[in-house]
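Dropping the structures in below, format is structure tokens.
Next come two complexes built around subunit A: one with subunit B, the other with subunit C.
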Partner chain A sequence: MPNRVAIVGIGQTYHTTRRPDVNQPEMVAEAVRAALADAQLSIKDIEAVFSANMETFEGIFLPDHGMAAEIGAFNKPGFKVNTGGTTGGSAVVEGFYMVSSGLYDVAMVVGFEKQDCGDTTAAISAAATPMWGKGAATGAIGEFAKQALSYMETSGATEEHAAMVRLKADRNACRNPYAHLKLGLKSVDEVLQSPYLVWPLRILDFCPQSCGACVLILASENKAKKITKKPVWIADVEVVHQEPFRAGVFGDPTGKETYTQHVACERLYKRNGITNPRRDIDTAEIYEPSNWEEMNLYEHFHFCEKGEGWKLIEKGITEIEGEFPVNCSGGVLATNPIGATPIIRVAEAALQIRGDAGEHQATRDIKTALASALGGPNWTILTLLKRSL
Partner chain B sequence: MSTVTEKLEGMDVWIYHGQIYIPNRYSAGAVGSRFLIEIRDKKRIMGTRCPTCNRVYVPARSICKDCFGQLDELVEVSDKGTVLTYTVCNQPNPVQPVETPLVYGIVQLDGADTGFVHMLGEVDPEQLRIGMRVQAVFKEEREASILAIKYFKPLA
Partner chain C sequence: MAKASPKKKAKEKEPEYIHVKFDMPRRYNWSTGRHLGHFYAQAKENKKIVGNRCPQCKEIWVPPTLVCPKCKVEMGWDLVELPQTGTVYQYTYLVLPLWDPHYGEKWANPYPSATILLDNGVFYRHRLEDTDKDKLKVGTRVQAVWKEDYEERGEGPADILYFKEIGK
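So, the complex of A and B:
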């Protein structure tokens, strides 16, 4: 029986397009300080540090070798992970494994991206696998344009539905002091005026490139109860690997591929007695790089029947005041510092459980929350959080 | 682009060749920027002092590795120091800043608690030794770069 693990500290920077005032390590340190302050701990209390960043995206090999001081890792154990879009989720899982194993009582998970330093799409495309990736690599935009097209075709969703997803994200982001894009959008028509990046994916259908960092402090049960009155328990995690450049990456026109989300949900839900996710879970913070993918993920995570993701948006079920709020933070659509993005999902889900989300706190009481991560190698990571175990 | 360009002799196997181009930029940050401008404009080498540990970091950085303190106090250190270790590189490579033989050294400047990685010059590699005293030689034309310092030369 593994040890119980709780989130006892949460910190993030504000997220924005450019941070020329700080270098990468200095920006990350801001989030570390915020998490330590939240937990009322000093850096000396942190036993191990697990970091997450997309190396090469900022043109630096091993970005962590210049920031041991700034992430409080000097002379401490831990390592950096890079698993594509899921990177931050992998770091959370690593931290969870390490504390649940009993190796450490207090561990810190640090994720960041400073996208004003690099060219993400250039890195994805230039360093793609030569055999079938490099010649046809389109970066994330092309991938999610394909997904949008297949979702539109198979589900009957319209561009208006995608626009409604952005409106929800924007309303929530405008209430979140840390969110990046806060556009103050008022109408579906406003979203539909945004130009196409790659048809049918509009600029406002897609996530931004953000600079920012997010940090979680994890603790074992005994420590957690001493550190905070409001521990958020990591009830379970699930990790599923596949590979890209197959039919079923983010949308499968052949209908023959197994989705990583389905495999992940099946295992996680079964272990935790979740038979009706919308009843058994109170909110979700999902990794939705595009408006279209959010509706698709509703279906993959069994929040609704196949082909009905757009109906949840249409009926307002996933609004912050709704029956099943999704991405009260504004989500990835508003904020995407890649290495930090999945950590923000877990952090925001934990804030909802603590009741500390402030202006973007869901209307309904949140006792159980699901956070997801999605990434380039076609991986899915799920983290299930609870107020009490 | 990504096409196979080489067939291995005697084998039915093809090989990809390529070069990766990734544009990037990097903010030096407030403390790092001061460090660069001081060596460019005033030929002064700056560190930051940790008020808690009293440790002086050169080049200047903004966070202490030991106590996690915020380091805002810039202090000038000497342009003279002691060689902690060195190596002589004879293999040329396009990324090297000068022609070979290239002598890399780690120098602890007087007043600093850290080693400073740079080049050693005006020195016969045979004469190099750990513990030798050296002094910074600045370029005449200086950019805001660590290479505004040309190298460290032995003190007479």
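So, the complex of A and C:
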């Protein structure tokens, strides 16, 4: 039986397009200090540090080596992970494994990206495999665009529904002191005036490029109860990989495609006795790179029947005041510092369980929350959090 | 608590970035290997799209691969030539120019690209012929158009210039 693991400290920077006032280690240190203050711990209490960053995006290798002092890793164990969009989720899972195994009692998970220092798209150009794909795809964004088209054609969702997803994200982000894009959007029409980027995706259908960091402190059961009155338990995690050359064709008529979201949530739900996710889980912080993907993911995670994700949006079910709030933080649509992004999902879900989300606290009481990560050729990581085990 | 997002200031602080210019060409030579290399060779020599068939589940993988991801068995060399005709299942086109994620060149729009359901039921992702974007439709019948000059081929998937609309 593995040891129980709780989140006992949460910290993040504010997220924004440019941070010329700090360098990367200084920016990350802000989130480390915030997490330590939240847990009322000293860096000396942290036994191991696990970091998460897509290092080539800033063009500097081994960024974790360059900030060993700032993240308190000097003379300590731990290492960096780098798994594409899921990077931060991998680091949370890594920290969970390490504490649940009994190797460490208190560990810190540090995710960051400072995208004003690099050019993410150019970095992907420089480092993606050149041997497969030239002329074959317009990258991740092209895949999300094609999925949006299929979603529109098969589900009956319209561009207005996608615009409603952005409005929800924006309303929530405006209540979150750390969110990046806070546009104050008022109407569907305003979103529909946003120009197309890759048809049928508009600029406001997609997530921004952010600078920011997010830190979690994890502790074993005995320690957690001493550190905080409000531990948030990591009840379970699930990681599902996908083969490299196919990313899951939406609505696949051949029946041969694998959706990692299905595999991941079916396993996680089964192990945790979740038979009706919308009843058994109180909120979700999902990794939705586009408005359309959010509706798509509602279906993949079985929050509703197939082809009905847009109805949850239309009926306001996933609003902050709704029956099943999703992304009360504003989500990835508002904030995307890549290596930190999935850690923010877990952090925000944990804040909801603690009741510490402030102005973006869900109206209903949150006892159980699901956080997801998505990246690479459609990889999925899920983290299930609970107030009590 | 970390600082929250600053309120909009009247005057922004001058950015303090340094810019480093690189003029070095990238010196990498990648191996296509035996399996993907076979795809490259068949494209260059014979203008063929090839995959291999799993001995266990019989699914065809393109490009050919060493191990079936589903069955975890060695795929072997049951090579399959794929049809070069198919149906557009999903498509998109660029409105703002984007970078080619593999070669770093800027794509001119509309640069239409598609997920094509080849006539043997295998999905294949490739670009479509530049056309009036309003003519793009799900269900359009298309066919591969290759680089005719042998010397220009050798870029694997990019040996196919695009998929072009054909009659029903």
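In this section, the second predicted complex is superposed on the first by the 370 of 389 C-alpha atoms of A that agree within 3 Å, B and C clash if a C-alpha of one lies under 4 Å from a C-alpha of the other, contacts with A are read in each partner's own complex, and residues count from 1 in each chain.
Definition applied: contacts are C-beta pairs under 8 Å (C-beta built on N, C-alpha and C of every residue); 3 or more make two chains touch, one makes a residue touch a chain.
The structure displayed is predicted, hence computed values, not measured ones.
Number of subunit A residues touched is higher for C, counting subunit B against subunit C. Judged by the touch definition given at the top, the superposed model places A:21 against both subunit B and subunit C.
Applying the stated contact rule after C-alpha superposition, one finds that A:272 touches neither subunit B nor subunit C. By the touch criterion defined above, A:194 lies against neither subunit B nor subunit C after alignment on the C-alpha atoms of chain A.
Looking at the shared chain after the overlay, A:11 reaches subunit C, while subunit B stays out of its contact range. In the superposed model, A:74 lies in contact with subunit B only, and not with subunit C.
Once the two complexes are overlaid on the shared chain, A:116 sits against subunit B and subunit C alike. By the touch criterion defined above, A:31 lies against subunit C but remains apart from subunit B after alignment on the C-alpha atoms of chain A.
According to the touch criterion, the shared surface of subunit A, contacted by subunit B in one complex and subunit C in the other, consists of residues 20-21, 33, 116-117, 122, 126, 128, 130-131, 133-135.
Of all residues in subunit C, those touching subunit A in their complex are 1-6, 13-17, 26, 30, 32, 36, 59, 61-63, 65, 69-70, 89-96, 98-104, 107, 111, 113-115, 117, 121, 123, 125-127, 133, 138, 155-158, 160-162. Contact residues of subunit A toward subunit B in the complex are 19-26, 29, 32-33, 42-43, 56, 58-60, 68-70, 72, 74, 114, 116-119, 122-123, 126-128, 130-131, 133-135. Remark: subunit A residues 11-16, 18, 20-21, 30-31, 33-34, 37-38, 116-117, 121-122, 124-126, 128-139, 141-142, 145-147, 149-150, 153, 177-180, 182, 195-201, 242-243, 245-246, 249-250, 252-254, 256-258 touch subunit C in the complex. Interface residues of subunit B, counted against subunit A in their complex, comprise 1-3, 16, 18, 20-30, 32, 61-68.
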